[in-house]
Every structure is written in C-alpha cells, then in structure tokens.
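Paired with chain B in one complex and with chain C in the other, chain A is shared by the two complexes that follow.
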Partner chain A sequence: MNETDTLEYFETILKNDPEKSEAVAAIETLFHYIKLDDAETLHGFMENIQKASKWLEESDLSGAVTSISSGCQLFLRFITLAKDPENMESDIQKCKGILVKRGHDFLDKVKTLRKKISKLANPFITDGSTILVHSHSRVVLQVLKQAMQDKKRFTVYVTESNPDKSGHKMVNKLTDVGIPAILVLDSAMGYIMEKIDFVMVGAEGVMESGGIVNKIGTFTMAVCAKYLNKPVYVLAESFKFARLFPLSQEDVPNKFKYKASKLNDKVDLTKEHPNVDYTPPSLLTLLFTDLGILTPSAVSDELIKLYL
Partner chain B sequence: MWLRNGQMETIDIQIKDPIVRNKVDGLIEDLKHGNILGSYQLAKNTVEVLLHMISKEELANVKKLISVIREQGQRLMSAQPSETVVGNMVYRVLKIIRDECRAIDETAEEQSQESIQKSSTAPGDDVSNKDILSLKKLLLAEGDVDISDKSISSLKAPIIDAVNELLVELDTSQENISAQALEHIHSNEVIMTAGQSHTVEAFFKKAAKKRTFKVIVVECAPFYQGQKMATNLASAGINTTLITDSAVFAMMARVNKVIIGTHTVMANGGLKAINGCHAIALAAKYHSVPLVVCAPMYKLSPKYLCSCDQVAFNKFASPEDVMSFSEGEILSKAQIYNPIFDYVPPELVTLYIFNIGGNAPSYVYRLLSELYDTEDQEL
Partner chain C sequence: MPGNQDSASRSPLSQQTPSRGRRKQKSNPRGQSTPQLQGQTPQQNQNIKNASPGEGDTPKTKAQLRAERRALQEAQRAAKAATKQSPSTPVSTKKTPRKFGLQMQDTADKHDKVSISGGETPRNVTSISTIQRRTGFFAHLPRYQHNVSLTKDANPKIHPAILKLGLQYVEGVICGSNARCLALLGTLKQVIETYSTPKQKELSRDLSTNLKKNMDFLAQSRPLSVGMINAFKHLKSCINGIPREKAEDEAKQDLYGCIDSYKQSILLAGKAIAKNLIENDKITDGDTIMVYAFSSLIKNVLCEAHDKGKTFSVIVVDGRPKLEGREMLRRLVKHGIKCSYILISAASYVMREVTKVLLGAHALLANGYVMSRVGSSQVALIARSYNVPVLVCCETYKFTEKVQTDSFVSNELGDPNSLVQIGKKENYLSNWKEQKSLHLMNFIYDVTPSDLISMVITELGMVPCTSVPVVLRIKQV
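Let's turn to the complex of A and B:
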C-alpha cells in the first residue's frame, strides 16, 4: 500500500461513515495497512507503520490533525504492547495475528464509547437548561440527541465557529432532530455567556496536563466562562488522549495548528490563521470520557497507566 | 459487563435470613425518620448491617452476594438520598468483595503462570495486571475479570476480615484526624469555624492541650448549631467567641485560618457542607485566609454535583425556624426556604485533612479510585 492508497482508504472510511471520529478512521486505516504489509522483521514493520502514520498526519483530508495524531500514537502503543521482547525478530506473523485480533476488538468497543459518555453526561443536562456549544462536535451532538430522546427541554446556543463555519453544520444537525438551536457570532461569545448555564465542548485532543486542544475559539470561550463562573464541560473519547504537555499556545505543534499544505509550502506562519488553540486545565470543570467523569488532574493518571 | 447481564437475569435478591431482613428494614425505617444522628453513626450502622448480610446469608456465589448487596444498598440509599454516607459505605463494601476476589484470582494465576512459563511463553500475554481499568484495557481488549461464579465459602472469611477493618477505620478516623491538629493550629492563632462538627470539636480540643488559640464560631441560623459548639469549646477551656452569620465577612480580616467540618466531600473535590459555608469560603478567599476542611474518609462520595441541581443536592427543612407559623398572614404572601446544605466549589478549599493525612482538593479523584470500584457506581 502506498501513500495514495492509504489516504484513499482513509477518505472512504470517513465518507462512508461521517459519524466516525478521525482518530478511529486513522487506526482503522493502519490496521488495513498492516494486513497488506510485507515487512520481514518487526523493525521494518514498525518503520513502515510510522511512515503510514506520517502520511495520515500530513494529509489535508480532514481538519482534525490532533485527533489523527493521537490515534496513530495509540496504534504504535498497540504494537509495543503486542511484541514480545524475547522473540521479537522471529515471529512477526504471530505478532501481526495478535494485532489484527486486538484491532477488531478495539474497533468494536469504540462504537460503544459515545453511548457511555452520553450516559455519564445526561444527568448534567437538567430540564430548562441553556447550553453553549462551540463548533461542530460529534460527541456533543450525540449527548444532546440523547438528552432530547429523554424528553428534556433545553436550548442550545452554537457559535458560528469561523473560519470553516462548522457551527452552521452543528445548528442544522440539531434543528433536524428538533433541538432548539440558535446560531451566534463568534464575537458574541461574551455577550451570550450570561444567558447560559454551562459550556459544552468536544475536544480534538486531550493533553497530558488535562487541558484540551480544540477548534480555535475554545480557549476564548473558556476564559469568558471562567469570568462569569460558568462550568465548562468537555466531552471526549479516551482515544483522544495525547502525550503532549503544551505550556502555551506557541507550544502547540505547528502540524496541529496549520494545514499540512501550508507547512509544506513554507509560507509565513505569522500571517496564517491557526485552526486550533490550547485550553489549559484550570479553565475546565470536568471531562466526560468513557473511563468515567474525570477532573482535569485525573487525565495524566490515565495516560501514565497506559504508557508507563 | 457481567453486571448488566446479572440484572437482566432474574436472580433471587430477597434476603432469606429473617434477622438480617429485620435489620435492613429497621435501618431503612431509622433513615426515613432521621433517627440516626451524625454521619459516623450512619456509616457504622450501615456497615454493620452489610456485615450481617455477608455473614448470615447463604448464597451460592459471589455474583449473588454482590447483587444482593447492590439491591439492598439501593434500598438503603433511596430511603434517605441526602445521606451520602450510606451509599459510600455500600460502595466500599462492594469494592472490598471485588478486591478479595481479585486477590484470590491473582494468587491462583501466579501459580499457574509459573508453571506455564517454564514450558512455553506466549507473546502478548505479558500484561497480567488485571485491575488496570483504563485505556490500556480498551487497547488490549481485555474482558472484565469474571468473578461471578466464584464460590463464596473460601472468600467469606477474608471479606469479613476486611469489612471489620473498615469498621476499625470508622472508629479511629476521628482520632487520626485530631492527631494532626498540632500541625495546623499554632500558638495565638485566630481560627474560625461554623456550625457543630464532632470531628472539628475533637480537633480543637486536641490542639488546646498543647497550644493557646482563639476560636470564632459562626452560629449558623436558623438551627444555631454554632451556639452548642461554642458552649462545648468554652467548657473545654478554649477562648471562644460566638458571632452571627452576617458578621463573617467583618471578622474574616483578623482570622488566620478557617477550619470547618463537612457533610460530604464530592467527587470533584467540592463540599456539601452546612448552609452558609459558601459565604464563609468566599470571604476567606477574599482575605486570602486558608480554608481547611476536616473530613473522615467515609464522607468521600463518588457523586458529582449536576450543574447546581439544588433539588437533587439539597435538603429543605421546615421553614418554621426561619419564620414562625404563628405569623400566618405574612406566610401566605411570601415564599420561605430553609435549605440545609451549601455547595462549596473545590477552588475555594485549600486543604482537606483526612484520617490518612492532608490532601489538596485536586487529589480527591485519586483517593476515590482507591476507595471505590467504577463498576459499582453505575447503579
């Protein structure tokens, strides 16, 4: 499988199931890739996979590079967990077999994660509440839909979320299922904040600090919410946990902030709009994940459990 | 998840032993009428009833034992939802049962693994740590450890031992907290407290044996538990001042430390404490006075406050104490509330003093994961 094939496969997955997260699609692609891979040694095998992960991360196919990158990172962890130190070189077929089996189980489990999250978040949406949502997020959408099915009455404000105006998509999807949704300007975030009960956002990546990397404007929203003492709830599946510890906006890797094409063209980045920003943990109230409701400080614990 | 399957199957979850049944019903009755005062007594009574259930009930396997305790625990919890201690104790006992099962599992596995390792090594099986309930589990697609059909006979003794240890922990927690008093109260300090808490009272009395300090007690209208507290402290020879609730802010400027008790410690590190505590905490924040909370571990609850949902969170008492019923005419024209609790967000709390030592509110999640099993909480 070469670069174009891999990317094509990735693209078809997302096209066939728009509800699928980019991280899962990336993992699925990599599994498909290893089935066809013909490396003889584990070392070569690892190299090939790293190459394929790089293709995915550097593609312009979707905006969610952060999510793809955490998915690829997880996948590499799969392999290190599967390989046996003693017969590492000799038994690559066996190793592959284990990987493929685990991959199947993993992808099966992934389907249930959003349901788990909506179960956890459901009691927090009380009757008559007003919610502010930023950009388009599939987890947030599912949680709101679930609350709607449970016959709760609530109103949702959605920010337009420039530059890609993904808020429009979100509003359409919400109104389609009968949830009262109102589109507001990004710049009206501060204005609308006093009307709402809490902020609910998704995340492209959950960082080691417990902070999140998400669509640009999330940080602004969290700052506004902090000023008015409104809780900020983050909904994210655990495969979005990434091993990064950004200290500032500058510290977030450029590949997350800008499109790969822009980076390759070597344009002046100071004149470019970043696509994501980093929200520090002190501005977040709770994270709803499939591992349970976590305070931001609990995130690093989960990551240590996985990568140590 | 075998638990959900367990609920679907119709297992007999009735209690067979008449004495145990009476005990459970008696406790429920007491809970409903509010006969038991103080969370320590509540915790103790709950654990004792559960201990009886474990030792007296003849059950085939662990799965049945867990479902019986869950079912009865659910009854106890719903008898008085605002008393979180009951739930905490039910979760603790369930966790003990699970831990004992896993302990037996692991020793058995280690023995078998040793023999396997000599003959052949299977790749990928190197991760044997079963209780990692996390992302790793998701990755490895490990199933949950099935403890359902374990026979109970070999487990009963260790479980009962562990529950007895829990009872000892309950007994000694107040002592362990007050043992830390000298680390926190220094000579000539002015300390503010609110309402009445046995833990805080013991804490002060312990410190007073070695040090001289002043205590300002907030009276906490309309129940005036603070007045009782002030009397107790004064009769123990501590320099005590009683103030009204409205004087809190004015007095805060001269206070060195606020030390309060609490009803519950919530999962995010926040407090469910006596009404008026939020105002005290805010005043303390304004004057940068540290707010220290004395809480035994059994008050740690795995529950979160759902977006200021006061109805589910709070308890409302009769408004008689706020405005007497004899003033009938005004009563019919005004809404009068008399809430019992206050929610204090974690960012206002400086330190928790648990019976195992001092911890920051951000560390509470860690203690929770040690005390309770995540599987039990989705009842």
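Let's turn to the complex of A and C:
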C-alpha cells in the first residue's frame, strides 16, 4: 500500500462514518495497512508502519493532527508492547498474526470508549443545568445525547467557534435530537459565562502536564471560567493522551497548530491563524476518560504507567 | 568522577577561613594568645590513627552519650567565661589551615573539645555556645557545629576513609548533592574492600550493621542528603540479598558491581536529562535562561545544549553567603556561553527578559515540593509572577517519600558567621554573639511549592512535579 492508497482508505472511512473520530479512522487505516503489508523482516515492517502513520499525520484531510499522532503512537505501543517470546522468534507471518490480533482487540476496545465516558459524565449533568460547550466535539455530543435520553432537562450554549464555524454543526446536531441549544458568538464567551453552570469541552490531545490541546478558543474559555469559578470538564478518550509537555502556546509543535499544507508551503506563520491552543492543567477541573474521572495531575500518572 | 572534582575545586569556605585567620594575626600579637590556647586544649596533636579501628572503648549507650554531651557543653561555657575575663580575647591562630586527618584527637579526655583542622580557637568555642542560646521556633533544627569533635565519640568501628569523608563534608570540600553521593559510594566501596566477616557471623547482617554505624558517623558530620540516604538504602538491599552460603569474595564482587552500577546510573541520568531537555526543544534558539547558584547538572545541561549548537544566553543569579554562582559563571563563560551575572536582589528586575528558569534540586518531595539551595524558591516565585516557566532538573534517585510544606520543618543550618562576614570590609556585626536578642540563622535549603514549578525533567522524561509518588512506585517495582 502506498501513500495515496493509504490516504484514500482513510478518507473513505471518514466519509462513510462521520461520527467516527479521526484518530480511530487513522488507527483503522494503520490496521488495514498492517494486514496488507509485505515486509520480510520485523524491522522493515516496523519502519513501514512508522512511515504510514507519518503520512496520516501529515495529511490535510482532517484538522485533528494531535489526536491522530497520539492515537497512532498508542496503537503501535499497544500492539508491540508485550513480546510473546515463544511466537515472536519463529517467523514474520506468525508474528504479524499476533500483531493483527492485538490490533483487532485494540479497535474493539476503542469503539466502546465513548460509552464508558458518557456513563461517567452522566451524573454531572443535573436537571436544570446550563452548559457551555465549545466547537464541535463527538464525545461531548454523545454525552449530551445520553443525558437527553435519561430525560434530563438542560440547556446548552454553543460557541460559534471560528474560523471553521463548527459550532453551527454542533447546534444543528443538538437541536435534531431535541436538546435546546443556543449559538453564541466566540467573543460573547465572557458575557455568557455567568449564566452557565459548567463548561464542557472535548480535547484533541491530552498532554503529559494534564493540560489539553483543543480547538482555538478553549484556553480563552477556560480563563473566563476560572475567573467566574465555573468548573471546566474535559471529555477525552485515552488514545488522545500524548507524550508532550508544552510550557506555553509557543511551545506547542507547529504541526499541531497549522495545517500540513501551510507548513510545507513555508508561508509566514506569524500571519496564520493557529487551529488549536493549549490549556494548562491549572484551568481544568476534571478529565472524564475511559480510565476513569481524572484530575489533571493524574494524567501524567497514567502516561507514565503506559510508556515506562 | 567529574562531579567529585567539580566540588573539590570550588569551596569558598576553604579560601575564606585561612585568610581570615591571617588577617587577625596581624592585629594581634601571636605570643599572647598561644599559651592560652595550649592551656585550653592540652591534647591537641595526636594522630587520627588513635581513633581508628582497633583501639579502645566499647560502644556507648545513649544515656552515656547524652551525659557526655552535657559535660562538653558545660566545659564550653566555662571556657567562654574564661575567655571573656582575660584581656587578650579574640584570637585565632590557624597555622595549618587544612590538613585533614593529621591533627585529630583521641577520645581520651571526654571533656575536652577537639578541633578538626588544627588549632583550637576561642572564637569557635564562643560561636558554638552562642548557637546553643537559640530558642523556640528553630530549636528542632540540627545546630551547626563546625569545630566540634567528630572523632571524640567515634566508635572504633568507623573506617578511616569514612572519617576523612566526614571531614570533607564538614569543611565543604565536597558539596552538592551529586558530588556528595558519588563520594559516599566510592568511600563505601573502600570500606567494603577492607571488611572481613568476623567468625560465626553472617556477612549480610554484620556488614550492614557495620556500614550503618559508619553512616551514623557521617550524619553527625553533616546531615545526610536525600540522595545519599537513597543510595545507602539501595546498597543495603543489595547486601540483604546476598545468600548466606556465598563466599565472601564473591559477595564483595557483587557489592562492587552494585555500587558501580548505581554510580553509573547517577552519571547517565544527568546525560539523559540533558538529552530530554534538548530533544524536546525545551532549550531553543534565542532563549534567555535564568539559573540560580551552582548545580553540576544544570551546568552540564547548558554546556551540552551549547555544544549542540543552540544559541541562548544565560543569566546567573547568585545569593549570599556562599556565592556559588560565581563558579557557575566561570564554567559557563569558559565554555563559551553568553552570560550575565546578578545577585538575587535584582532578579525581579531582569525577569522580564527571561524566557525560562532552570533550577537544580536537592530533593523532590512526595507532595511535589522541591527542596533546593536556599533562594531557589524566591527565584521561582518571581518567575511565576512574570509568567516565566520554571523547569527543575532532577535525577530520580533524589526523589523521596518525605513530605514537607515549608522550609522550617527540617532544614540544615550553616555557619552563622558567614552571614555577617561581607567581603574584606570591617563588619558591623562582628560582635553579634554578644547581642543576647540576636539570632543568626543560615539556612542551607528551602522548599519551593509545586504550583510554582512548571515541570520536572528526569531521566525518565518530563513529568509534572505532582507525579513524584508515581515515579517512586515505578522505581520500587
């Protein structure tokens, strides 16, 4: 499978199932790639996979580079982590069989993650609450839908979320299922903040510090929330955990902030709008993940367990 | 062992003490003072060997030791009173400034005070009894005792190499957590080399009690650093793991391996930290990095980054009384790094220009607080108020389960005299010991709260400082 095939496959997954997160689509593509790969040695095989995950990261097909990169890394980590001494040595085909089986397990698990998260977050949405959400997020959507199904009454404010106006998409999806949703301007974040009970956002990537990288404007929202003492809840699957530790906005890698095409064209980045920003852990209240409800400082604990 | 040399060559104390002595000699006729001195301490010039293994008394009980200490204090008080009465009081005659181990004393007369580096001086007697005047708030801190005998109560089981090391700690010849720990490991190896198991005893049991006694001795000379305690714990677990049927030579070889690999891991950790920092672009072109005082690790990291072609400048912040930053400055400039040098009182003035603060650490506590050279927490506080990220570099062997929320719970006290000694100028507080209401506290460490620290860089990677317990748990497994 070459680059164009891989990306085409990735694109069709995204098109067929718009509810699927980009990271899962990327993982599925990688999985498909592993099955078709014809490398002779284990080393060559690993090299090929790394190459494929790089293609996916550098593609312009989706905005969520952060989650794709962390998802691919975790997937590779998972399937290659524990060596099976009996089978690993014998031959590449058997070895690949094991990897494919593990990949299968991983994908099966990934599909159930959102359900777990919505179960955890459900008690936090109480009757009569008012929620502020930012941009379009599938996890947040699922949690809100679940709450609706449980016959809870609540109102949602959604920011417009420029430049791609993904807030419009979110409002439409919410009103479709009968949740009262109101669109507000990005600049009205501070204005609306005193009316709401808590902020609920998704995340593109959860950093080692416990902070998150998410759609631009999340940081602003968290600062406003901090000022008015409103809790900020983050919903994120554990495959979004990344081994990165930004110290400031400047410190977030450029490949996350700008589209790959812009980086390749060598345009003047100071004049470009970044797509994401970094929200430090001190502004977040809780993270709802499939590993449980975590405080920001517990994230690095989980990451240390995973990677060390 | 580069760390060792590092600290051996920088010891501000070593230069100060003799020069002070010389200055005083000029103003005071020596003839007057000498007989008086001799009168006070008749048994000065005996050799270190007298106190080393083989000779003499059995281990004492705690009660006995306490009684002895009280007797010693009384003797000092008496000595002080005597010096006050006599007209020619303030004298110091240090002819042989620093020759370790040559002029140490026997334990024969329990009531006599013994000096480490030669001449017994009335100044020292006064200083100690003054410190004992200290009351209330800080009474729990181990007092600074520069010239109290180390060898007086010395158990005959103390190894000469350990005696030497203890003296080096006291004098500040070896300072800095890494250097102290590496020196300790080297010395413990020597102790094990000369050790032989007594008949009808087991190596694993007898050796660890033997080493424990040696460690207790070192703790008397200067409170043990967290790194040293951890290193010793590791060695002890190695000793305990030796099966009883193993031959002594083999067991010793195992222990050498254990010590060497621990040493190696400390040195490699430093390299890994530098690599982590540089590869993750935490030092980037155009950075202005602030550092405080001296840390061998930070120095290595900066030199390494410079070698990798990063262009950055460094602001070295320094604080009295040790002024270790000057050594940092010297080494960085020698390496070709662009530096500026300020005192801590000007830190807030330059903080505007700074993009990152790099700090070393003495220990990382389980609640994420960082124990470091006194002054670090002030630098971190200023950095936080200017939104400058504070990065702490620390090897994981310095992580500890201890928890401390302020610097007073446990700390180390340095020589109070060094606080009033400023340059060559005549100082206004030279008679501070006579001021009954005045206490001078020379704290060595302070504790920086975790919310002032952006991240900790360890050899395992970058972690927030709240993850100390997780790292400890992983290391135990």
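The rule is short, and it goes like this: the second predicted complex is superposed on the first by the 297 of 308 C-alpha atoms of A that agree within 3 Å, B and C clash if a C-alpha of one lies under 4 Å from a C-alpha of the other, contacts with A are read in each partner's own complex, and residues count from 1 in each chain.
In this text, a contact is a pair of C-beta atoms (placed from the backbone, for glycine too) under 8 Å apart; a residue touches a chain by one contact, two chains touch by 3 or more.
Values in this document were obtained by computation on a predicted structure and should not be read as measured data.
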Touching partner for A:231 - first (chain B), second (chain C), both, neither: first
First, second, both or neither for A:305, with chain B first and chain C second: both
Comparing the two partners chain B and chain C, which touches a greater set of residues in chain A: B
Contacts of A:167 with chain B and chain C, given as first, second, both or neither: neither
Which superposed partner A:294 touches (first chain B, second chain C, both, neither): first
Partner chain(s) touched by A:209 [first = chain B, second = chain C, both, neither]: second
First, second, both or neither for A:245, with chain B first and chain C second: second
Footprint overlap on chain A, where chain B in one structure and chain C in the other make contact: 297, 301, 305
Residue numbers on chain A that touch chain C, as the complex places them: 208-210, 243, 245, 247-248, 251, 281-282, 297, 300-301, 304-305, 307-308
Residues of chain A defined as touching chain B within the complex: 74, 77-78, 81-84, 86-87, 91, 94-95, 98, 101-102, 104-106, 108-109, 119, 123-126, 129, 197-198, 231, 238-239, 241, 285-286, 290-295, 297-298, 301-303, 305-306
Chain B to chain A touching residues, read off their complex: 121, 123-124, 126-127, 132-136, 138-141, 267-269, 304, 306-309, 362-366, 369, 374, 377-378
In the complex, chain C residues that touch chain A: 280-282, 356, 389, 391, 451, 454-455, 460-464, 466-467, 470-471, 474
